[in-house]
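Okay, got some structures for you below.
Both of the next two complexes hold chain A, though its partner changes from chain B to chain C.
So, the complex of A and B:
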C-alpha cells in the first residue's frame, strides 16, 4: 500500500533539482478544512443520531484524508505517505495517553460504586464528560480505552522483549554452537510450534492466574519460536563474515564473539520483526480477554470491552459499546502492521516471510 | 535407483522420528498442566467442604500421589488406546467421547473457510496482479491489508450484527448437524465460515498477487500472449499453476491462525465444536478436557503440517529430485 504511492510520479532526477513541479496546496487545503469541520460536527452535534452520524464521520474523514494527503504531497514531494505518519501519530498518542493515564482528566473507568449517578450506555459525544460514551455500568469508555491500552501495551511489549532477549540468546547459541545444541533447540522450537498459538494460550489460561505477569509470559511463548529461528538464521549468516573471523583470530572468547560481534548484528532484524510481533500479540491478548481467560473485568482491556457487546444484544442496541474498543483495537493493530511492514522492508529485505 | 529409494526412505524415517519426538514433548507439556494448576485437583472434583480424608482418598483414586513419570506413563498409555480420561466436573463425561462429537464441527468449519478463502482469493489476486500498480490493484491491496488488521472476533461480531440480527438472513447461536440435512447445515455454517475465511482470503490474495506478478513477467507468459491467448486463459492455465506451490506453503503458515480463529468463532457463534469445548473447560478449570483437546489438536496440526511438507515433493519435481 505504502509503496504504491510513487507509481504515478517518476522520481525527480537528482541532476535537475531546480524548479520542482510543486503542486498548489490549495485543493488539498480546500478538502481538508471542510472535512475536518464535518468530522468535528459529526462527533458533537450529530452524536447519537445513528446513520446520519456514520455517514458524516465517513465523509469527513475521507475528505480530510484526501485533502491532507494532497497537502503533504504538495509540501514534501510525491513520496509523502500520509498513512504512515497518521499511524505514527496514533501510536505516539496512544502510548502517551497510556503513560499519562492517571494524570488525564477522565471520568471513572473501573469502580462501579463511583458511577452510580453516571448515565449508563451514554452515546459518544465529545462535548460531554464522557467523550466516547459509557458502558452499562456508567463507566467512562475513554478511560477504559486508555487504561486498556496500558495493560495491552505493557503485556505485549513485555512479551516481545522477553521473546527477543530469550529467543535471541537461544537462537544465537544454536547458530553458533551447532551440533547437539542446535538439534535440541530445533526440536524444542518445533514442539512449541506444534501447538497452535491460541490453543497454547488457552491451555496456559486454564491453569495460570490471569495477571499481567502471567499473561506476558504466556504471550512471550508465542514470540519465542520465530525469534529463535530468526536469530539462528542470522547468526549462521554472520558467523561466516570477516569480522567474526577477525575476532576469532584475535583470540576472542566464544562468549565475547556471541555477545559483542553477533548479538548487535542479530538485534536489528529481530527488532523490526518485533514490531510486527507486537500487533500479533495485541490481538492474542485481546482474544484471550475476549474469551474471558485474560484480563478480568472490571479491569478494562479492549478484549473484554468488546465482549460486553455479546450480552443481551448490547451491540445491536448500543453499537458504540463494541465499536469504540473495536476501532481502537483495529487502528492500533493496523498502525503496528503498517509501520512494521515499512521497517521490515528497510532493515530486513532478506527475511520476506517466516 | 535402489540407492535413491533407500535415501528417500531414510529421509521419511528421519522426519517420522522428529514427529514422534515433537509429539512426545508436547504430550509432556500438556500433561504437566495438572501440576501447574493452582490448588488441589481433588478439591476441584469434589468441591469445597469435605473431610481431609475424603480429599486424600480422591487424590489416591486419581493417582495424584504417584510420581510424575508414573502418572505420565499411565496417561499416555491410555491415551494411545483412545482413552483420554474423564472430565473433572459433573457429569464427569468421557473426554474422548466429547472430543469425538465436537471435532467434526470444527473440521467442517475450517475446511469450508479454506475453500471459501481460495474461491475468493484466486480471482482477487489475478485481477490485482493483472492490473499491477493500477487503481484496482491499489484498492485490493489496501483492502486486504486492512482486513488483516481486524481480529476475527471483531469481524464475527460485525457480521452477526448485520447479517444475523439486522437482516436476519442467517441463524445465530444454533447449529444443524449434517444429519439434519445438508442445506440446513450449510446455512448454519455459512456465517461462521465466512468470518474465518475473511482473514485467510486477505493473506492468500496478498501472497498470490506477489507470486503472479513475478510469473506474469516470464517469457512463457509473453509467448502465450503473443500466440493470442485470452487474458483469462493465460491467467488460469499458464500463470496459476506455478503459484500453486506457494499457496501450499501459505496453507502451512496460516494453519495456526486458522485453528485460532475457528476456536474463537465457535465460541462467538456458540457452535458445539472443539473451540467451545476447550474454552468452556478452560473457564471452569476442567483440566482433563483441556489436556485431551490440546493433545488432539496438536496431533492433527502436526500431521497436517507434515503432509504439507511431503506434498512439496509431489508438486515440484525439482524438490523430488533433490530429495532422491
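So, the complex of A and C:
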C-alpha cells in the first residue's frame, strides 16, 4: 500500500478510493465535532452529576483530540503535532488571560465582603457566572486561577531569567577562565546542589518576607546551579572552536570574547533549558504557597488554592476546589515541559552542525 | 607616522624562540630554538609533519598562547620593530588585528555560527579602525570583494552556515586582512578544503601577497602547497628547524637528510605503476622524551655516532642553511 503513496494524485479515481496521498478530513471532523459537543454538555448540563460527568468529559476530550489530530494531519501533513499546538494554545491563552485579567468579565476573586451573596462551594458549570465554581467564601475560582497565574508565571519566569543571566554569566566565566575561578564556582555550585531544594526554600521563606520579589529570588537559587553547569559545559565546548582564537587574534578582549562570541552561543541551549526550568519552578512556587510560605491568602496562587482543600473535608466533599487549580497546574507544567523539550531537541549543542 | 621608520627592516625576525609546555609526561619542547626572518612582502613557507611544532610556532610568533604555569616562552619575535612577547597585554591586543593576522585551518569552526558574516568583519574594523557603522560596512564589502566573494553585499547579511567551505575560508582571510596587517600567518589554510578549492585559496593568498605587499607565513604539512608559491621554505622537525633555504634551492638540492627523505616520499605522476611509495622509516620522535643528539638521527640512514651525541646547529651559506653534521651533497647546491 505504501508504494502507492509516493506520488500524490490530485484526483483519486473512484476505482482506487483507498489510496489518499492527502487524507480526507471527514473522519477527523466526524469525531471532533461530537467530541466537542459531548465535552461541552458534560461541563454544563451534566455539571455536578459525578461519574456520568467524568465519563462524559473523558469521552468528549478523547474523541475531540483524536478528531482534531486527524484533521490537522489531513490539513498540514503527517508531521502535525496536535499536542504541541495544544500546549502552545494553552500557554498563550494563560499568559493573555493573566495579562488582561483586570479587563476580563470575571466575578470577584479576592474580596470576601463582595461575595456575601455568591453561592459557596459552587460546582464548575460553564453556563453560570462561575464557570469553574467557587470556594467556601464564594470567591470565583476562574478569577482566582487567572490572578494566581499572574503570580505563578511572574515568579517562575523572573526566577528563571535571574537564573539564566546570573548563572549564565558565572558559568561562562568559569568555563572561559578555568583554573581558580572554575574551581571556586564548582565548589559553590555543588554546595548549592547539595542542599535539598524544598528545605532551602522553607528556610528562606521563614527569613524573607513572602512577596513576589523575594520569592523570585529564592526560587532563582534553585535554577542557578543547573544553569551554571549548563553554561559552563557549553562554554567549554565552544571555547575549543577556532572562532574564539580568531576573535583573540583580531585583538578582542576577554570581556568581548565572553560577551560577543560565547554568550550568544550559550544563550540558545540555556533558553530552551529555561523553558523546562519554568515548569519546575511553577511547581516549587506552588509547593511554597501550599505550605503557606509563598503568596499569602486571600491573594490567590495555585498553591494556596490547592491548600484550601485541606480544611473541613473540602477535598472529599467538593473535589473541584483542588481539581481546578491542580489540573491548571498540571496542564501548565506539562505544556512548558513539552515545549521546552522540543526546543531543547532543536537547539541541542550536541546536534548542532556548525 | 612612525610606520615609515619601520618599513626598512624585515617584517618579522624570530630569535631563538622556545616554547615549553609542561605536561604530566614531562616538559614538551614544542618549539626549540627557532630563528628566522621574514622580509616585507615575502611568502615564507613552513613545512613539517604532524607534531613538528609548526602550529605552535605560528601561535607563539603571534603571542597567542595562554600564559600560565604550564607554558613558557623564551626568545624574541620582533614584529614590525616591536618584540611581541615583551609587549604588555593591551599593546599586544592592539598588534593583533593591525600588525599581524591569522588564517585558521578549519573555516567551519573559525567563524562564529551565530554571527553574520558582516559582523565578523565590521567588529574589528570599528574597534581598531574607529570607523562608523556605515563606513565599516562599506569597507567590509570591499574586503569581501577583495578576497573574491561574489555578491559581497548580500553575503554580509548571511550566516556562516549559508556559505561553502571555500567561501568561509575567504571570509576568514578577509577578517585577518581587515586591520591591514603587514604579516599574515596562514596555519594550514587549505587542509580542510577540497583540492580544487585549495588551489583557489592558495592563488588568492599569492594574489594578496603581490597586490597588498603583505608578507605571508604559509604553514603546511603538504610540500606541494608550499612548493610553487613560497619564496623561502623552512623544514621543521621535532620543534627544530632542519633546513631553511630558498624554495628552488631546497627542492632542487636538499641538504638535510630529512628534507631529502621527505621529498623522496612524494609520489610522482611520472612514476611507473606499482612503484613502491618511499616512506621514512620509524615514527616521529616523542617530543616529551627526545634523543640527546640530532632529533632525526634514529630515522636517518646517514646517521653516525656524532649525530647521536651532539645536537647540530643551523649552518650553511648563501641563505641555504641546514642543521646536519653530514649533509647530503647529491644534486648540487
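Here, the second predicted complex is superposed on the first by the 329 of 354 C-alpha atoms of A that agree within 3 Å, B and C clash if a C-alpha of one lies under 4 Å from a C-alpha of the other, contacts with A are read in each partner's own complex, and residues count from 1 in each chain.
In this text, a residue touches a chain if its C-beta (ideal position, glycine included) is under 8 Å from a C-beta of that chain, and two chains touch if they have at least 3 such contacts.
Predicted, not measured: the structure shown is a model, and the values here were computed from it.
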Three-chain arrangement built on chain A, chain B and chain C clash or fit: fit
Partner chain(s) touched by A:264 [first = chain B, second = chain C, both, neither]: second
First (chain B), second (chain C), both or neither touched by A:180: neither
First (chain B), second (chain C), both or neither touched by A:194: first
First, second, both or neither for A:243, with chain B first and chain C second: second
First, second, both or neither for A:251, with chain B first and chain C second: second
First (chain B), second (chain C), both or neither touched by A:103: neither
Angle at chain A between chain B and chain C, C-alpha centres, nearest 10 degrees: 90
Greater residue coverage of chain A in the superposed arrangement, chain B or chain C: B
After fitting on chain A: smallest Cα gap, chain B-chain C, Å: 14
Common interface positions of chain A, toward chain B and toward chain C: 353-354
Touching residues on chain B, where the partner in the complex is chain A: 18, 21-23, 25-26, 29-30, 33-34, 36-38, 133, 137-138, 141-142, 145-146, 148-154, 157-158, 160-161, 165-166, 207, 253, 255-257, 259-260, 263-264, 267-268, 278-279, 281-283, 285-287, 290-291, 293-294, 297-298, 301-302
List of chain A residues in touch with chain B within their complex: 1, 4, 7, 187-188, 190-191, 193-199, 202-209, 279, 283, 286-287, 290-293, 306, 309-310, 313, 315-316, 319, 322, 326, 329-330, 333-334, 337-338, 353-354
Chain A-touching residues of chain C, taken from the complex the two chains share: 62, 64, 68, 93-98, 101-102, 104-106, 108-115, 123-124, 127-128, 160-161, 172, 175-176, 178-179
In the complex, chain A residues that touch chain C: 179, 241-243, 245-253, 260-261, 264-265, 268, 352-354
